[in-house]
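Below you'll find the structure I mean.
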Amino acid sequence: MQMPDMLIPQVGVVTEIIKETPDVKTFRVVNIKGNKAFDHMPGQCAMLSIPGVGEAMFSISTSPTNTKYMDFSIKRVGVLTEYMHDKMKEGDHITIRGPYGKPFPVDTELKGKNILFVGGGIALAPLRSVIHYVFDNREDYGYVDILYGARSVADLVYYKEIEKSWTQRRNTNVYLTIDRPDDEWDGNIGFVPDYFKKIGFSTDKVVVLCGPPIMIKFVMAVLLEMGFKKEQVYTTLELRMKCGIGKCGRCNIGDKFVCMDGPVFRTDELDHIPNEF
Amino acid sequence: MLDQEKTFEPLIVAFCCNWCSYAGADLAGTSRLSYPPNVKIIKVPCSCRVDPIFMLRAFGKGADGVIVCGCHPGDCHYSTGNYFTRRRFALLFSLLDFMGIEKERMRLEWVSAAESAKFARVMNEFTEEVTKLGPNRRLMDIRNLPEGYEELGRGPHREVLDAQAPHARNIPSVVKIEEQMKARATKLLADGVVDRVLAWKAGDHETMPEPAFFDHPSQIENMVYNKYCAHNLSKYLMVAPWLGGKLFDGSTLIFLKPCDSYSFNQLIKENLINLEKTHIIGIGCGGTVQVEDLEEVGMWEKCGVCTKIHHPVGDEIIELENNSPRLDKNARFATVEAIEALSADDRFAFWQSQLSKCIRCNACRNTCPVCNCKRCVFSNNKYDMASKVNATEFEEQLFHIVRAFHVAGRCSDCGECSRVCPQDIPLHLLNRKIIKDINEFYGEYQAGQDIAAPEPLTSFDLNNDGQAGKN
Amino acid sequence: MNKTYKIALGNLSKLYGRINETQQIYLPVRRGGTLNFEKWHESAVVDLHGLKTTNTPKDLFLPQSEDLYTAKMDGTNIEIITKDFFDNAFVIFGVKACDIEAIAVMDNIYLSKHPVDMYYEARRKNAVLVSLACNAPKNACFCAAFNIDAANPKGDVATWILGEYLYTQAQNGKGKAFVEDIMGLFEPAEADDLLGLKAEIAEKAQSLPYSKLPLESFTGENMMKIFDHENWDFLHRACIGCGTCTYTCPTCSCYDIKDFDKCSGTTRFRCWDSCMYPEFTLMAHGNNRLTQKERFRQRFMHKLMYHPMNYDGQFGCVGCGRCINKCPVSLNIVKIIKSLGVEVAENANA
């Protein structure tokens, strides 16, 4: 039997659905035999689909060091995600193909460095993969700072995990912020870029940045103002994708195909392509 | 073979109005009147709710017959819904018949809530009739047609095709009003009456002028007007939703050929043009020509049979020197009549050979002045719809039937759909068939002629409609 | 030097019939008033003298719509039923030099980078390309601008129409095997017979109005300069956002993947898509190309800049001229090249 084409998915099973926030759920996926569907690297994505509903690209939010399953933290925004949020039950089938895209350079450019993660809202999902990878290979990396913000306490994805596990790690600082005041919140209140400025990080680190475009724009400004270079900052883009293998053409920007040359980009690379992302 | 025919059980879809025939079906059940189990009922709030898409979609998904049941004329729960249904389906059935599709497979019936016996009788009759016809082949995936259907492509319909060839012998009149147009455009721009001009700009080759906006008197020298300016400019003044961009706030001068002015007037009627910010100059037209490889091939068919020499709308008119009607009024229906005269098999073969060429580029839709929905029903990704090539070839048929139907009564016969079709499908013949039917069933009507005149599909005649187009 | 053979034009239908015995043969057929590549059958109206087909040979490698697999749903359980890859040998006869070059562009996109497109590959390796020189290139042709030789088309087998004969030469091993198989119908000929015709075609192709275009500025370092050029503001203005240019383009290769409920299961299929459509980049959270200007620019930037940057300077346009003939509003790639190419070059010199 010939190898199937990259467009043919395998059938997976959703073993667990975890409600993270009012509009984000984490879907835990294994293949039909109960194993992890395929190997991947942090930052890579997979195509999930319900036949008859749709197919879309999601970033894998578990680390490669997790050999049992993959998590996908998904916000309810479109046709497919509405179905997954509203109709899907644990034990349901889903189709999955991948992995797609270029991962974060965890074994090269990030290795041995201090790392600062900056995330906003649902964008912690792709970062979580790297964060777990770093925690699981702790000796290979220096200090870790995590700055994460969301609209409200309820909108902080992985909040329990952050409190219980991330903050307990050695050589790790976690900074959380929410946009609006809340009675149950004694932490910082304000937008991520402002909080960033307030904390004032030193520039001896690599930055992994992911969030809504407006947040990225303002954090970038703060970063540059504080003396960071664009070569130190990595981010990941989101565009409409169909094939995942650089053929169908819709994620093409400049001479890059986001599904093949990205989604992870070093921010200085983005200066050389048209601003259409 | 005979055995197979005996065991053929058709699938019948019945769209029943909630207020009459659905209750009629209920009553038939409680009265123990039997009707065939082949009939699957779909309840609708009014027979008028049934869009032609519903019927075609049912066929595409495997129905062998479709019946629409509504209240008797005069009894509509919403007063007038079924009058519209009546006109709509008279035209649809006639159009499908024109395409060689058995019209016996579809029916419109009036069944009241009390007429359980009639409901059962109608369903029995219809099921029997469809059983006799056999499985639906023509309104399904053409690729799944049994062997032999392909061979239909060789009948007398070839002659009809030849009649579609460019009208090489018709020579367009020489048009010499370009300088006058430029002068007016320059003046109106300079005087500040308008902020921009919509006309044609010289291309890099004489045969390649393109629609363009001019914002400044100095640009007017690039303006041209000649026999290559076939493009209908009407739609550019409507904000085409798919083009995006910003709404223009100033006023615009638009030049309209006679046929364009009918489309434009229709847009005015549909409240899609801000007349206060529009200055219209009607311009004479001597006919436009088809160009291939930068060479003139002959006059467009639409110009060859054109009778429109006046402008139903316009602030000014720049006439040609010799303006006289070129042909008798009904010459444009000659090809439609030629197709009507063919056998059903040949009509089907003709349309199959044409529509199977479609590549779903949407040029016909995007250029059509009355295809002006904010969001096209085919741009809806749900329900297997697509604005591109679909998984079955039936979808291409469906697209063109539905498109022709959605512009019924609004199409002014500008012929742009056929002009822009890269595969040279004579799409305008579908629209012309509908226009011809409207004229015959409900009296002469020219879309875009008079913005006060009632439109044929949104009006009705209590006394006469019953006879017209009865299937 | 490959051997030359010839066959009388009158005997061509015999030739088609002979090829048809073992494999399907597609060639320019006039049907319903239009010239397209279609499967040959005895009553097909073959027209080798027509200049261009409306649809391009890409249809045979990347069909307008192609089923990928069927997903059978049992409640929420899914079963994927794949289908076999295409595996029938076929011949495409009468492909012009520009379209042959376009297949090379498509090969680059679909086959040169891992992972390859296996649907495309399956069709591609089953095909024999028989090219045909253009005896009479017309005004809208500009293959010469891309250094494509209309007189010496590539492909597995090349053919020429000279007088009452069709001349043929195998171009590679695949072509040789194909010609040997049908040798019985041919007679030997001299390659020199063709010299006059070739010179005539070359001269004609060079003298056409669009044969020389200012393409020098379309290089990687000018990408942002051309992308940001103000001329896009009016170049796109007449565009009505249809997909005619994309679908009749021999090198446009973008596709969409969609579902269709065929009642017996959900068919996932892929179909041609167009970057001119607003739905192309529309996703749940918005669209990154909001106006037609951006979509229009993307198409031409891809052909003239992005593709050459990724594939060693190979342009994504082969000068077939279909967009010149087919655009509803007389826009085309030549207008773009002329407008931007000249101005960017002038600015560079200034």
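In this document, chain identifiers A, B and C correspond to the written order of the chains, with residue numbering beginning at 1 in each.
Going forward, contacts are C-beta pairs under 8 Å (C-beta built on N, C-alpha and C of every residue); 3 or more make two chains touch, one makes a residue touch a chain.
Because the structure is predicted, anything quoted here is derived from the model rather than measured.
Taking the CA centroid of subunit C as reference, the farthest chain centroid is that of A.
If you tally contacting C-beta pairs for each pair of chains, B-C comes out on top. Averaging Cα coordinates per chain places subunit A and subunit B 49 Å apart. Averaging Cα coordinates per chain places subunit A and subunit C 39 Å apart. Averaging Cα coordinates per chain places subunit B and subunit C 32 Å apart.
Taken residue by residue, subunit C touches two or more other chains at 256, 259, 261, 273, whereas all remaining positions touch fewer. In subunit A, 79 are the positions where the chain touches two or more neighbouring chains simultaneously.
Residues of subunit B found to touch two or more other chains are 381.
Of all residues in subunit A, those touching subunit C in their complex are 2-11, 51-56, 77-79, 81, 88-89, 91-95, 238-240, 242-243, 245-250, 252, 254-255, 260, 272, 274, 276-277.
Only residues 31-34, 36, 43, 51, 54-55, 64-65, 67, 138-141, 209, 234, 237-244, 246-248, 256, 258-263, 267, 269, 271-274, 277-279, 290-293, 321, 324-326, 328-332, 334-335, 338 of subunit C touch subunit B when the two sit together in their complex. Every residue of subunit C that touches subunit A in the complex is listed here, in rising order: 68-69, 71, 73, 76-80, 82, 85, 109-110, 113, 115, 117-119, 220, 223-224, 227, 253-257, 259, 261, 266, 268, 270, 273, 275, 280-285, 288-289, 294, 298, 301-302, 305-306, 309-310. Subunit B makes touch with subunit C in their complex at residues 61-62, 153-154, 161, 164-165, 203-205, 208-213, 231, 235-236, 240, 242-245, 291-295, 353-354, 357, 359-363, 365-367, 379, 381, 384, 386-392, 416, 419-420, 422-425.
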